[in-house]
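Each of the next two complexes has chain A plus one other chain: chain B in the first, chain C in the second.
Up next is the complex of A and B:
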């Protein structure tokens, strides 16, 4: 097992390098800000529309659904900040043959290829999501205890790990298929479904959004933790599933890496 | 022995189809593949501190071999070890002591100064700050790029960028260097500078270098030994000076005579007449006889016999013998 400081120091280093890169493009900050605010108002409008017709949705009250929305925005920002850029870079590197340099470095390939890119301006979405979540919790009225806060933190971490594994498993296909850019649209499309609690979806879809694309664990479960709806066995199931995904996707990635052939001579 | 390669094979399975829409549609349902033997039974050893030129036309298997030796590709057969380890295992102990530099690829971050990218390499290679700084400053001085490393990489010229790349690749003072076309696209002055740098690095650190280049000047300047590969197989492995003996079908006899307009084409192909000097291309087996004939038939004041240029010999190896 790699010592913990290394697991933190290397990502921090890449974060710093990426921050240096992105800070040169101030306009991106304003573009992201406008985009985030527009997305927020659209989401709020949809929520308001739904609750103009009903008092609750499949057992979820307006503040609880607002909490789901907050988590959805924040986790979405997290994915676009740290996970998606790395996977897209991996796809590009395999296609262009520029993965060579990363693989000749004396570092765990999966770790290195998962931390190289960081989009700092996407943190705006994380902040917006956090604000929406704070508003929802306040509106909900019930105080969030230590247990709820810890449950929320654990659920977010586990959810992020599962989404990362999902992306890595999909992206590993690039070693065979090469053209994989479509997975961004594929994921974004499916991720939109996470705007609503997965419990409102019918049977098969619910299973798919739990185990196929782990939206339930990434969005619904953290929101449940903050609104007093979380059953602890759900968290245990999340931890077990996350551990399984980590092991399985690592094995898949290592197997896929053996098929790297470089773009050309 | 730093590099050992025995019976190395690498086979790629590549899809292929005929041209046209019908073939494209057919390949959707039934795709056919062809096996390409990029490296086909290659064997060689390179001892510590040797600089070896790895020559061959495009697609000969040079880069594939280099990629296997630097741990990027898994072998299809045979064995390869570098510093006693199997590269494909990507062990930290090995990767910390080798480097792969490709002239047509960048590894430095585009938008920030090279110094920041070097800092990243320091962390990845776990170099202690003092050693890192002294190596970095030494390399920066050797390549004379003091101020350039503070500019964003995107603002550097191709040659400047290449020098900055080289510093980044050598910060960990690798023992084995795999250089794949390091001077490609550079102007003549910059090529010379890089050559003398590689020679100096080899001298200073006793590093082993395996170099591919299409510029024979690189090879002549740096390598006493060359390995010639073609269609994935080794055609020649030996001293650069012995390459001509093995492959050259002709030599050039140059004579200085009072009457350069006399008929010399009876001895062979006259390739140049420069004042009183006449150059005649003669089949290797006829050199002694022709030299004696010329000396007998003409009042010669000087006579030299030269091997053909290495470029011509290499070209001959890949394309078949040239006319004597």
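Up next is the complex of A and C:
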């Protein structure tokens, strides 16, 4: 392992480069804003529609579901800001043989390949999600204590780590199957399931959305933390599962990397 | 050129050959990418499954049905949805930018047929592959969610025409939308707006009867519902033969409107095109 400061300074360096690059294209900010607002409008319309036909959904009240929606938007923004672009670039690099340039750098390959891209305008979704979440918590009415806030922060970090691991595992497939562009459609489709608490899904689907695609940990659990529904052993289970995923996906990635033969020649 | 002359018959035969060849090419080409096609379809199936679970939960909370829909009815609706959605995949308006910027259109313009025919034929051929790949998904969904169906032979026949009607309407209107690219490339916000309206007003999100009455006023005067809700309802809901007939007539009307609009806008749009590329 390299010393901790380097583990932080390197991502910071790439973040600055990416930010400077994207700041040149300021119109994209407005494009992203329009998209985010439209998505928010649609999501609110769906929620209103559901609650025009029922008072609660499988034990979840309107403010609680709004909290789930807020986390879903924010985490989705986080994924498109920091995780997805890196994985897509990895896929492109493998296909075009340009991964060689990254691998020959004197840094840990997984670290380097996970921090090269950063989309600053996607932070709009993180902000929109946070606003929705704040509204939901106020509407819910119960004060969030320090315990709830800490539980929320821990749950979001753990959830983000798990989603990163999931993306990395999925992307590792590129070393065997070269055409992987469909991965975005696949992930976006499945990620939409997280807009609703995973407890509403029947048996097998719920298991899949908890352990196969960790939507439960990334969206439902943080929302539970802020609405006073979280049991502490859930958080402990999340931490254990996250640790397992980090170790397992790192091993998988290193194994997959050995299949890379370099296509530049 | 009057009807029935040899030249006219030759034109029709030529068109027929053109369609068959392009469709066959699409089948062969898309079948090569069956893994990618499948993954794409699984991502797509997530959407109706989510709606289905949410609305089944609502129905159960309301004592078994909401607006006349039981969980079994919802299952039927959203399983037919997956086929209709596949039929609804046409040339994306986002694709026009590449077509124009990279000069693909120049090549298409050299052919003696309108480029629209190429898109209709190619995506129609792709449907053959999509439907073959779709069947196992429908079986799995049916086992998992137990739909209630009541389909007559007449419904099935009408459904066949309704899905191709939906396909043509969506092709034409997305062509119209895509052609805006001839004037400006800042189109993504407009497209998002269009697709949001379509999602809410077509029956893609929920069966339209669950929508508030004021929303239906808009749905009735726009083409969207004839591309999603109507074909689904032909198979999954209890429409009377008269309603089915009226729906097919509305589809024919929207196809005619779309075709005229595309023809007119195309004449102006193509004048704005300055050939790029090789």
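Everything that follows uses one rule, which is that the second predicted complex is superposed on the first by the 262 of 265 C-alpha atoms of A that agree within 3 Å, B and C clash if a C-alpha of one lies under 4 Å from a C-alpha of the other, contacts with A are read in each partner's own complex, and residues count from 1 in each chain.
Keep this in mind: a contact is a pair of C-beta atoms (placed from the backbone, for glycine too) under 8 Å apart; a residue touches a chain by one contact, two chains touch by 3 or more.
Every value quoted in this text rests on a predicted model; they were computed, and no experiment measured them.
In the superposition on chain A, contact of A:21 is made with chain B only, not with chain C.
After overlaying the two complexes on the shared chain, residue contacts for A:105 are found with chain B alone; chain C is out of touch.
In the superposed three-chain model, the partner touching more residues of chain A is C, compared with the other of chain B and chain C. Within the superposed three-chain model, A:261 lies in touch with chain B and out of touch with chain C [touch as defined at top].
After overlaying the two complexes on the shared chain, residue contacts for A:52 are found with chain C alone; chain B is out of touch. By the touch criterion stated above, A:195 is placed in contact with chain C alone, chain B being left untouched.
By the touch criterion defined above, A:10 lies against chain B but remains apart from chain C after alignment on the C-alpha atoms of chain A.
Of the two partner chains placed around the shared chain by superposition, chain C is the only one that A:186 touches, whereas chain B remains out of contact. When the two complexes are superposed on chain A, none of the residues of chain A touches both chain B and chain C.
Per the touch definition, chain A reaches chain B in the complex via residues 9-10, 13-14, 17, 20-21, 24, 97-98, 100-101, 103-107, 109, 112, 258, 260-262, 265. The residues of chain A lying in touch with chain C in their complex are 27, 31, 34-35, 38, 41-42, 45-46, 49-50, 52-58, 177, 179, 181-183, 185-190, 192-193, 195-196, 200-202, 205.
Contact residues of chain B toward chain A in the complex are 12, 38, 58-59, 62-64, 67, 70-74, 90, 92-96, 98-100, 102, 105, 107, 109, 111-112, 116-117, 119-120, 123-126.
Within the complex formed with chain A, the chain C residues making contact are 33, 35-36, 39-40, 42-47, 49-50, 53-54, 57-58, 61-62, 66-67, 186, 188-189, 192-193, 196, 199-200, 205-206, 210-212.
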